[in-house]
Each structure stands twice: as C-alpha cells, then as structure tokens.
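For reference, chains read A, B, C, D and E in written order, and residue numbers begin at 1 within each chain.
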Amino acid sequence: MQKLVSGFSRKAGMIPGTLVHVGEEGGAPVRVTALRYGPDHAEEFVVEDLGTFLATPTPPGVTWLNVEGVHDIEVIRRLGDHFGLHPLLQEDIVNTEQRPKLEDYGDYLFLVLRMLYEQPSAENDDLVEIDSEQVSLVLGTDLVITFLEDPQDVFEPVRNRIRENRGRVRKSGADYLAYALMDVIVDNYFIVLERFSDLAESLEVAVMGDPDPTTLPAIQQMKRAMIQVRRTIWPLRDVVSALLRGESRLIKKATVVYLRDVYDHLVRVVDIVETYREMVGGLMDIYLSTLSNRMNEVMKVLTIIATIFIPLTFIAGVYGMNFDNIPELHWRHGYWYVWGLMLVSGVLLLLFFRRKKWL
Amino acid sequence: MQKLVSGFSRKAGMIPGTLVHVGEEGGAPVRVTALRYGPDHAEEFVVEDLGTFLATPTPPGVTWLNVEGVHDIEVIRRLGDHFGLHPLLQEDIVNTEQRPKLEDYGDYLFLVLRMLYEQPSAENDDLVEIDSEQVSLVLGTDLVITFLEDPQDVFEPVRNRIRENRGRVRKSGADYLAYALMDVIVDNYFIVLERFSDLAESLEVAVMGDPDPTTLPAIQQMKRAMIQVRRTIWPLRDVVSALLRGESRLIKKATVVYLRDVYDHLVRVVDIVETYREMVGGLMDIYLSTLSNRMNEVMKVLTIIATIFIPLTFIAGVYGMNFDNIPELHWRHGYWYVWGLMLVSGVLLLLFFRRKKWL
Amino acid sequence: MQKLVSGFSRKAGMIPGTLVHVGEEGGAPVRVTALRYGPDHAEEFVVEDLGTFLATPTPPGVTWLNVEGVHDIEVIRRLGDHFGLHPLLQEDIVNTEQRPKLEDYGDYLFLVLRMLYEQPSAENDDLVEIDSEQVSLVLGTDLVITFLEDPQDVFEPVRNRIRENRGRVRKSGADYLAYALMDVIVDNYFIVLERFSDLAESLEVAVMGDPDPTTLPAIQQMKRAMIQVRRTIWPLRDVVSALLRGESRLIKKATVVYLRDVYDHLVRVVDIVETYREMVGGLMDIYLSTLSNRMNEVMKVLTIIATIFIPLTFIAGVYGMNFDNIPELHWRHGYWYVWGLMLVSGVLLLLFFRRKKWL
Amino acid sequence: MQKLVSGFSRKAGMIPGTLVHVGEEGGAPVRVTALRYGPDHAEEFVVEDLGTFLATPTPPGVTWLNVEGVHDIEVIRRLGDHFGLHPLLQEDIVNTEQRPKLEDYGDYLFLVLRMLYEQPSAENDDLVEIDSEQVSLVLGTDLVITFLEDPQDVFEPVRNRIRENRGRVRKSGADYLAYALMDVIVDNYFIVLERFSDLAESLEVAVMGDPDPTTLPAIQQMKRAMIQVRRTIWPLRDVVSALLRGESRLIKKATVVYLRDVYDHLVRVVDIVETYREMVGGLMDIYLSTLSNRMNEVMKVLTIIATIFIPLTFIAGVYGMNFDNIPELHWRHGYWYVWGLMLVSGVLLLLFFRRKKWL
Amino acid sequence: MQKLVSGFSRKAGMIPGTLVHVGEEGGAPVRVTALRYGPDHAEEFVVEDLGTFLATPTPPGVTWLNVEGVHDIEVIRRLGDHFGLHPLLQEDIVNTEQRPKLEDYGDYLFLVLRMLYEQPSAENDDLVEIDSEQVSLVLGTDLVITFLEDPQDVFEPVRNRIRENRGRVRKSGADYLAYALMDVIVDNYFIVLERFSDLAESLEVAVMGDPDPTTLPAIQQMKRAMIQVRRTIWPLRDVVSALLRGESRLIKKATVVYLRDVYDHLVRVVDIVETYREMVGGLMDIYLSTLSNRMNEVMKVLTIIATIFIPLTFIAGVYGMNFDNIPELHWRHGYWYVWGLMLVSGVLLLLFFRRKKWL
C-alpha cells in the first residue's frame, strides 16, 4: 500500500512558511531554464547564475522560468523573494504532497497541478501502480514560473511550439502559456487511462475465466490506483472551474474558451475514472461468485462420487459379514445378483443426479 | 469490456485546435446535403462542390447542412472557417468521443449529442452491447449544421416533415429545427430502453429459475450498458436544461416550451435507467443467493446419504471382523437381527432429517 | 418484472404534439362529467354532447370537468383546442406514462399526478404488485379539468363535499378544488403504505424463521414496488413544492397553507418509503445469513456422524483383515475389548464436539 | 417490525382540517394545567373547566398551558378556536404521527417535536425498541401551549425552575420557555443514545466471541431503532435551524444563542447516531465472517478426520479381501507391517495438514 | 467499543449554562499560565492567585492565558465572568465532549478544537485506538484563552517561537496566535495519519497472506478509529472555512491567508482519511474472499482424497465378500489384477482432477 503521508513528523511544530522539502530527495542539482518570447522573437537559455539573472532587467514579452527540482531550498527562496511570492506559497512548492489547488494572491496566481505516470511493476504485469509528481505554477503579469520535482520533458511540446512559432502561443500572453502547460498535463492523464482500459479488460477475462491468487491483488491495486487518480483530478477540476469564472484579471477573456476545453477534458477524465470504478467494483462481485461457483462444482463431484459408492460399499460390507447363516452367500449366482443390485442402485443414483441437473 | 479511451496517445501534445480525427475510420466519403426552407418553400440538394456552394450567397430562410462523416478534416475545416467556427469547436467535431455538451460562442451555439444504438451480439442473444455515435450540431442565425459520424437516416422523419410541410417546422426558425433534431435523437433512446426492458425480464427469469454460466456475464454486460447510457444522458440533460434557461438569443421563447418537452423525456429516460440499475443490482443478489441455495441442496443430499450409510457400513464392518469368538455370528437368526438393526437405525435417521425439514 | 417503457417505438419520429394514446387500451367509452358550483349552488351533469356543451356560455362559479378515459383522442383534442391547451400538453394527457410534473403555461397550470393502487396477485399473497395510473389536471381561472385513465370513484369524497356543501370547498376557488383533488390522491398513498407495512412484517417473520423459495422473490418484488412508489412520489414532492413557492397567480395565498399540508404528507410518505427500503435491504442480509446458518448446521451433522463412525469403521476393517497371525483375534475377550475401544473413541469424539459447542 | 403507518385508512377522504385522533387511544381523561409567571410571580393550577378559564381575561406575564392527552377532540377544538389556531394545525395535534416540523402562522409558531423513550422488551434484554410520542407546541405572544400524548413528567425540571425562580426562565419571555422545553426533550435523546452505547458494546462482544441465533435479530432491531431515531432527529434539526434564522418576530435575539446550543446538541446526536449506524453495519460484516470462519473450522475437522482414516480403511479393506493368493497375508509379521504402513501414512497426512496450517 | 456518550444522564434536565464537568476526572489541580507579548517583549508566568491576576490592569500587547484542566469549575466561572463569556460558552468548556465548532459572540470568538492522539493498546500492537481531547479557545481583542483537558506540551513550539521571537507571531496580533495554535493542532493530525498508514500496510500484508482471528478485529478497530478521526475533522473544516469568510472583525486580512493554509491541510487530512476508509473497506472484501479461498482449498483436499479412495475401498469391499462362488478370487493372479484395477482407477481420477485444475 502506497504511503499517503510521510515526512510530516519532521515538519510538525515548525514555523509556518518554513521551507522544508517534503518528498523524495532528488539527486540531480536544480536546473533553471528561461524562455523569453513575444510575437516576433523567442530566446531560450539555462540560468547558470541566479543572482545575475535576477539582477538583469526583464525585457518586454513573456518570461517562462522552469525550475527542475525543488529540493534546493535556497533557489526557491531567492526566486520567491525576488518575485514577491508569499512564504506559504514557497512552502507549498517544496512540500510536494499538495493537492491540486488554486490560490489568488492578487498580483499572481498560484496553481498546484500533479503529473500522473505509471510506475512499472517488475514482478507482475497486471499490477498497475500510479505515481504522481507535483507541478507548481506561478502566473504573473508576463511571467510564468513552473516548478517540477524531476527533470522531465513533459513541457517539450509547448516549448517546441514557442520555438517554431506554431499555434497561438507566441501571439498570446502568459495566461495562454499557463493554459498550454495545463493542457499538456491533462492530455497525459489519458495515457494513464488507456493503461487502465487495457488492464480492466485483461482482469475481466481473468475473473470470468480462471481467476488465480494474483487476480484479487490486481483488482485491489487497480481500485487503489483509481482512487489515487480521482484524488488528483477532482480538485484539479475545481481549480480549472475557478479559473473559468474569470475572477482574476490575469486570465484574459480569449483564454477562457481554451480553459473551458481543459475543463471538458477533465470532466471526461473524471467520467471515465468513475466508469472504471463501477466496472472494477463489478469485477469483485464476479470474482466472489466465481469462487462460489467453483466450490459448488467441487462439492458436486464429491457428492456424486460419495453418494454412488457409499451405498455400494455398504452392500459389499453386508456380504463380507461372517454370520454362520447368510443364505444369499450360498445362492448359486449370489455374487452376480449382488453385482446386479449394485449396478441398479448406481444407475438409479446417476438418474437422480441427472434430474437434479448436476451432471 | 468496451474501450472508453482510445487514440489519445496520438493526440497528446498537439496544438489545441489541431484537427485529428479520433474515432473509427469511416470508409465512405463525406457527403454534405443542404436543405433550405421557409414557410412556403423547401429545396433539397447534395453539395457536390463545397467551394461553389460556400461562394453562392445564401437566400433567405433556414439552411440546414448535414455532414455525414467527419473523418475528412478538410471538409470540416473549410466549413468551419467559412462560418467562423472556433478551432476548438472544429477539433471537437472530428474528435468523436466528446460527452454531450453545450457551448455558447455568442454568434452560434455548439451542441454535442450522442446517438445510442444496440450492437447486436452474434454469439449470445442475452448480451446487449450499446454503441454510441457523436452528433455535433451548430445552431446559428437561420443556420443549422449537423455532423454525423456515419451516413444514417435518423433525421429522415424531420426531413420528411419539412418536405411535406407537416407540423410547425417550416413556419418556425432554425432553433425549432435544432429542437426537432434533438427530439428525434432522444426518442431513439426509448428504443434502447425497450431492449433493456426485455432483457431485464429474461435475465430475471433465468436468475430465479436456473442460472447458468452465461447469466453472470449477461448481468454484468447489462450493468455496463446502463452505465454507458447514463454517461450519455446525464450530461445531455444538463445541456437541455442550459438551453431552457434561455440565455442565448438564438433560442426563441416559443421554442422553450418544446425544449421543456425534450427535457421531460430525458428526465424520464434517466429515471428509467436508474430504476433498471437498481433492479439489475438486485439480480446480482438473487444470483448469489441462488448459488448458496444450490450449494445447500447439494450438501443436504450428501449429508443424508452419508449419514444414513456410514453407521450401517460400520455395523457391517463389525460383523466382518474375524475374532474367534463373536457370539452374534453364531446366533440362529443373527443375520436377520443385524438387518433389523440396520433398518431401525436407518429409519431413525430419516425421521431425524424429516424433523430438521431436510426431506 | 413490470414494463417501464412500452409503446415508444410506435411514437418515435412523430411530429411533437401528435396525439397518440400510449397506455393500455381502455375498453369503455370516454365519459365527461361536469360539476359547476359556487358558494350557493352546485350543479352536476354528464356531458353527452361535447359540441353543445362547449358552445354554451359558461355561467359564473367554478367548473370542474372530469374526463374518464383518455384513449379517445378526438375528445381530448376538442376540449384542448376549446380551452386553448398547448398541443404538447394534449400529447402528455394521452401519453399516460408521464412522471408527475407541473407546467406553468401562464393562463393555466398543468399538473400530472399518478394514482397508486395494488394489483392483487392471484398466485401468491406475499407478492405485492403496484400499478399506477396517470391523473392529468388542468387548473385555469374558475376551471379545473381532470383526465383519468379509467372510470374511478377516487374523487367521490370531494364530489360529495361539494354536493353537500361541507368544508370550505364551495366557498373557495378552483385552486382549492385542485388542492382537494391532490389531497385525495396523496391520502390514497397511505393505503398502499399500510399494505407494505403488513407485508414487511410477514416477510420478516418468514426470513427469521423458515425462509422458503418464495421468500426471495417476495423480497425482490417488494423492493421493486417501493422503487416504483418512490419514482411516483419524489417528483410529486417537487411539484407541490413548486406550487408552494406561489409563483402562479392561479394559486391564492389562502390555499398555500393547505398545499403545505399536502407537502407534509408527501414528505412523510417519502420518509416511510425510505425507511421500508432500508428495512427490506436488511431482510436480504438476514436471508443470506440464514442460508449460511443452515449450511453450517447441515455441515455439522455430517461432520459429527462421519467423524465418529469413520475411525470406528477403520477399527472394524483392521480386524476384518485376513492375516494369518493377528494375535488380537485369538484373545479370549478380544471382541469385547474392541467394542470397548470403539466406545471410548466414540465418547472422546463426542466430548470434543461438545467442547467445540457443536452439540 | 414496528408499524410506521396506521389508522390512515380511517382518515382517507375526509375533509382537511377534520379532527380525528390517529394514534393509540389514551385511557386517561385529558388534563389541562396552566402556569402563569412573570419575573416576580408564578401561579400554577389545573384547569378544571375550560370554558371558565378561557372566558377569564389573561393577566400580564407568560401563560403556559400544558394539555396531557390529545384524544379528546373537543378540548383541542375549543382551545384551538379560542386562540385562533388554524384547523390544519388542530388536525396535526390530534394526528400524532407527524414528523417534527415548524410552521409559521404569523401570529404564532407551531412546532411538532417527538419524545423518544425505550420500550423495554420482556423477553430479551438485548432487543432495544424505541417508541416515540408527539409533543406539539404552540408559541404565541406571551403564550406557550404544549400538547402531550400521555401524562408525563418530562417537563417537570422546567416547571421546577419556574416555581423556584432558578435560571433565566422567569426573567425571559415565552420564546425562552419554548427553548427550555425543547432543550429538555433533546437532552432526553442522550439517554436513549447511552442505551445504544451499552447495547452496541454487548452486541460486539457477542458477535466477536460466540454469536447465537438471537444476535442477528438484535443487530437488526438496533439498526431499525437507529433508523427511527434518525427519522425523528433529522427533521428536528431542520426545525431548530429554521428557528435560528430568526425570521419570526416571536423569537427574540437573546434566545437565539440558546437555540444555537440546542442545535449543537442535535448535531451531536445526529453525529453519534450516524457513527453507531456505521458501527452496527460493521457488526453485520463481522457476524457473516464469523459464520464463514466457523464453517471453515467444521470443514477442517471433517477433512482431517476423513482424510486420515479413508486411506487407512482402504488398506484394511485390501487385506480383508478373500483372494486365494495374497502373499502379504502369509508373511510372518505381515500384520505388523500393515500397522506400520498405516502409522506412516497417517503421520505423513498429519504433517501435510500442519504444513497447510490446519492444525 | 469506545463510549461516544457518557455522563449525560447526570446533566439532563439541568438549567442551561450550569457548569458540570462532563469528561474524565482530571487528577491534577488546574494550572493557569499567562504569556504576554508584543513586538519587543514577552513575559511568561504561572498565575498562582487568579483573583490578584484578574484585578491587575492589563498592559498593552497580546495576552495568552492557558488553562490546563477544566474540572475545577470555579476557575472557569471566575475567568468566564471576568472576561464576559456567555454561560453557555462556559458550559461548553467544561463539557469536554463537544464537536469542533465556532461561535461568534461579537466581542469574542469561541472555538472548540479537538486534539487526536493514539491510545497505545497493551495487548495488541495492531489495534489502534484513537483518543481525543477538547481544546477550547477564546479569541478576543488582544486576548487568547485556551482550555486544555490535561497538562500537555502541544503548544510548546508556539511558546518557543514567542519566547525566541522567531517567525511573525510577536509582530502579529491575537488572531495570528490563534492561527498558530490551530496550526499546531492540525499538524498533529498527520502524526495520527502516519500511524494509520503503517497499520493499513501491515493489515494488508496480513489479509493477503495469512489472516488470523485477530485480523478482523484489527480491521474493525481501524475502521472505527477512522470514523472517529473524521468525526473530529469534518466539523473542524467547517470551522476554519467559517473563519476564512472573514466575517468577524477579530480576524485580520493578513491572517486569512494563513488560515487558508490550515484549511488546505484539513482538506488534505480529510482526503487521506477518506482514501484509507476506502482501502480498509477493500481489506474487508479481501478478507472475506481469502476465507472463501481457504474453504475452497480445504474442500478440494477432502474431495480429492475421498474421491480417490472411496471407489478403491468399494472394490476391496467387493472382494471381501464371502460368497461361495466369486470366480475372481480363485484366479491365479486375481490379487494383482485387482491392484492393477485400483491403480488404473486412481490414476484416472487424478487425471480428472488435473483437468479440472484442482491439482
């Protein structure tokens, strides 16, 4: 069972706003990349020295800072202090077990999103384990800062669109960029769902046909994975829905229609997850009734064999008795008569079972 | 288990608004038909050359364009660009796995509906599989455009009413036409429900009487089909309910009363589906208790036979022993006494079972 | 299983507002009765010729038209057209499978109510089957029209109160009459509930004591009947609640307090139905555990008999062997020693079972 | 199973506002007591002659009329007509199967409350049966009228506080008195809950340890009792919540804080009832798995005994055969060899069972 | 089963606002400590004599009074009367079985919170029992009073921050102090959740592998513990949510963002508890199917052994009969033929079982 809470004992009792990285320790050093673009230009570079970068005045156009790795608290604090991010926000960035949420700090919006990806299980191909990573996104005026737990290329398609000036991204503002990044993350959910689809199919075949001891853990594991996906997506839906209400001046009207599209996708994801949940719940029922059916079959075989032979054995026992005067024993064809009696009673019992539809 | 997600990996990471047909590949070429009518006239023709058609100025009256097949992206794009449809809307038309939804783009409304029809199963008449196809509908001023996945004659009754000037359709505007088309689609849901009705009845008879190994899959399949129907109808109800609020100037007051009728039908469909869901849930319970009952019966037979003969066999065994001095063996009527003993103990056990109501 | 949908295939694709009677075919001819009253007078007559009646000018006071039978579409249409009833409303009157609903057409209110009555089952007294009939009610200024599926005397108490000028009905307007008719219908629900009460009691006794094969279908049938009652009452509650909001000028302030009373009754009916649903759900649990308990008892008997005699039979078998030199066989009291051994082992096993509390 | 509906057939079809006592027939005559008080005085007397009492002009201060018994319709009607109570309200007083509710008639508030008390069960101490009685309360200006089904001393503590001028009741108005009476009723709920607490504990011990045939009915009975308590408390919560909104001029601001306290108590009662419901639901699960466990144990014993002795009996059977030439029979120590064989196979089987952890 | 209600019978019928300590009797005497601080100073002392303390005029800055132990009613009353706390509020402080709640008395806010901690179980490490203690908090202008049931050091981290002037607490007002105390309490919930996490894991291992009789009580106990945690946290969430709405002038704008952080934590706690609840519900299912699987295995062993040997024993019985003329007995290799027959039939049955996948 995956741990849902960890590292909290370390944090309990600390001053609110204290930056303590809660999450897996990333080994790689933090890498900050910057992408600056406008309708006519796009410039991309790795920020080697954060001090110099922050000291340089910002040229016009949209700036997208991407921070890969949140375990280096110093980097987060310097960025946060430079851009005036609230200490609690900074704390949420490094504490990577947040639920998706939206916080409106007036000058900037803070979004917590979560990436889902499948953790391959070495032992059993039918066990799906879902892992999630926090993606924090700050949306300011002409500014987007994203914080990833690990170096990942999930945003690469968006980066390419900016580089090659495809789509509307270069022509639009920072809010469209934030939308494009959310869209990429939500699109990735469908890949996890496709995996669910395959797994549900193979589990169903297993359960209907010949469930083995690994079937039950696989069902449970899938149930749990879906609880987890739902835990990630439900609050995200609320986040996007809050963005759609357009209460922040940072989200322009033209972007709302795109956010509505993301919202639609999320509703669909929720819908599909709920459907799978119901189906997997049904699998459990089938599994239990398959067990019952099997037991029934085992019992029938036992009953048929026992019921046929027990009376026969009794008859044989009777004529194995050593009484002085058992007349049948001395009949001429007594032995064959007894065989006849046994055959008849056996056949009668078989007919009885057939009438009961046990054969 | 039917796939709920497919083709998404193909789409992930693309620019929003990119037209990629997600759905089954239609073999037939796309066919566009136009129907133009007013109170006194109705003109119907196949659009052979889209360019010429779009270049021709539109005469007064309502124009209904029906596009059969959405896999030809070029057709969708040209129509969309001509009528000023948003790129995301065009994307939704070709990506035919949308949930029913309503989007108000100001100048036009975009509705996604879904047709339900039963997929006949060759192997087993008791397995009902429901398939659905997307129907996209754009409602503008004096304009309705419908997009179907496959050539279908579901709209034929409406077309006939226009041709023959029956009902109010010729006298009313484009919003009434949109209503009439939705009405036809919702009416078709009842046909699927009638199939459910028959199936639930036959399943109940099977479960109560003599469930066989196909009963369980049939119950599961029906459950799933109903989940799917619900997935289609619930959001459609919200769509119609949103139309009823009459916030769009494209829906005239006089049409709202008709939409309320569609809404009523949908509420009834939802109601019936929910009722069947509860009933099918009950079938599962009966199925499991029928299994238990059967097991009980098997066990009783085994117990009765075994319990009667085991003591008798023991008695026979006793007098089969080879001790030198077993006095009973040499009694005159010893053999018959033993038979008497056996009969008495057998009868006593039968009486015991009768008292337990096992016989 | 009762059919929830029927006759829809006949209707699908027709022009909205087409009158097609969906429901059982009533054999009797349609009968229209009129009751006209004011504070000082009440006049009652059968409308033999609808044309003459509708041509006669209406005197002051309240007019109540009661139409028994809705299968004669001509009658409905002529009444509807005379009083200006919307075609969709007329359609709903003849299509007698509506859910309870309220529609405000401005000049008149249209209410669909449903009568519940028990369908006696010839075979089994424990099977309760609930049938329902649609009662359509149009409330206009000084006008109430009621449409019943069958000739029934359910409104007789109200008619008597008008005839004998008892209560407030003669002094009040058409809205009070509508209330009085609804009140009579809701009061009848309690009669169905009393039947449930009796049945639940007898089912519980059966389930706790000695469930037989008819118990399970009876539980299922009762569950289903309650689903059906709920399907009728829930929407009716919304209907009355909508009337209570008093948005229509047709409902006078003084009548609202009476409608609140109807609403209270409905809430109580819902409450009672929900309680029975929970109780019947519990019956299913008891039924299943009674099955388990029985199985347990059967198994215990088998185990006790088999476990006692199997070792004894083995001992007898041993001394039935034909080895040349089995010393025990030639002991003086060998036979009695063996009996002693058998008795001791039998008694030990009985003590073992007693310690396990199986005896 | 307790009857939830009764006496309705008697009422159906009557004129609304007709007073028909629905409930158990109280034997004792109706007794009306009056308590008049102000900050400096309190006067208490039994109203022997209602006519005289009502004719006497009311002195200043609060008047509390307490009516014990509602089966004397004449008393209710005379009081009701004197104080201008609506006929439907009078009907609700005598029909003692109301749900808790609040009705605001402008000049006075009408509250229906319910007392809960445990009906002791003579046969079985583990069966808890909850009964409830209606308490109707009319709150007017300087007037409180309470109607009880039976003579009870539940209000005695409040009466004492008035007599002895303890607490704020004498200094406050009629609304505080109404609050004090509600508070006493709600406090009594906790006594019923304490009984649940004890019972749940003893049921849990029984279920975990050694459930007997009375355990299941006891669980069911407790479930049902809790459904009933919930049926009483949920609507009462709404009643108090409606009072809290302070829409009636009859409830003074200073009293609202006290009503909030009652509301808190009710929320706690709901909370505790829900918790017990979940726990008792869990008991059912444990009960069923205890049954399964027992069956398992029975089967194991049978299997162990049968599996050990069946092969041994077979061996004995083999050497009981009468073939002419069975060499083993004539071996010198053949008999002991066979014993050895039997011992070895028995020990091997015992080891097998131990490996399976059945022993 | 933990008692949810206790001591109420003592309280029923008392005057509202009567201080009766409901809860465990604390042995230690009540200890009151005061902490006064401002941006530049912090003073901390034990209040030995309450009278003197209350008589001394309050210096500027924030005063935090911490009362450890609420069983000394005199202390509560004197404090309450001095600071003008409502009698019902005083009653809630000493009656330590309140649900978390927020009450706005205008001049001060009253919050009831609950600490959760694990009660170690001596007997069984897998049984988790959660206990909770009430923490009452009064927030006035520049004043915070906290009431604890027992002397505890849970607030020590906050006290240290004030002493050492770390974080914002010295620079902020009483509302920030109240927030900091709530934050400390909520942070402690995560410690309880971590214990759940460990336990759920070990239970899952037990259930999947080899459930023993203690597993079921452990699951039940965990379920119950989670119900209890939820009972504590759900209302607390509403409390914080109400504070967030910022309707009280006592909560400054700057503090709201911190309260939002507490709210986020609570939502996460709720989320995790709900997830564990679903998982533990799943454990119950696995447990039951593990029981079924075991039964299946037991039955299979019995069936295989019995089914193989019963026919063989019958054959042996046949040739143990004493008929005069059984030809086979006198065949030369009859004995070996019979062994052959037995071997063949045994092998055939083994093959049958293998085909059934029972071996």
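Just so it is clear, contacts are C-beta pairs under 8 Å (C-beta built on N, C-alpha and C of every residue); 3 or more make two chains touch, one makes a residue touch a chain.
Please read these numbers as outputs of a predicted model, since none were measured by experiment.
Centres computed as Cα averages put subunit B at a distance of 43 Å from subunit E. Each chain gets one centre point, the mean of its Cα atoms, and the points for subunit C and subunit D are 26 Å apart. Across the assembly, subunit B contributes residues 288, 292, 295, 299, 302, 306, 310, 313, 317, 320-322, 326 that each touch 2 or more other chains. Arrangement of the chains shown, judged by which pairs touch: one closed cycle in which each chain has exactly two touching partners.
Here the chains make one closed ring, and walking it from subunit C through subunit D gives C, D, E, A, B.
Only residues 156-157, 161, 166-167, 180, 183-184, 187-188, 190-191, 193-194, 197, 200-201, 204, 208, 257-258, 260-261, 264, 267-268, 271-272, 275-276, 278-279, 282, 285-286, 288-289, 292-293, 295-296, 299-300, 302-303, 306-307, 310-311, 313-314, 317-318, 320-327, 356-358 of subunit A touch subunit B when the two sit together in their complex. Chain contact summary for the complex, subunit E toward subunit D: residues 1, 3-6, 8-9, 11-17, 86, 88, 97-99, 101, 103, 105, 210, 213, 216-217, 220, 223-224, 227-228, 231, 284, 287-288, 291-292, 294-295, 297-299, 301-302, 305-306, 309-310, 312-313, 316-317, 319-322, 326, 328-330, 332, 334-335, 338.
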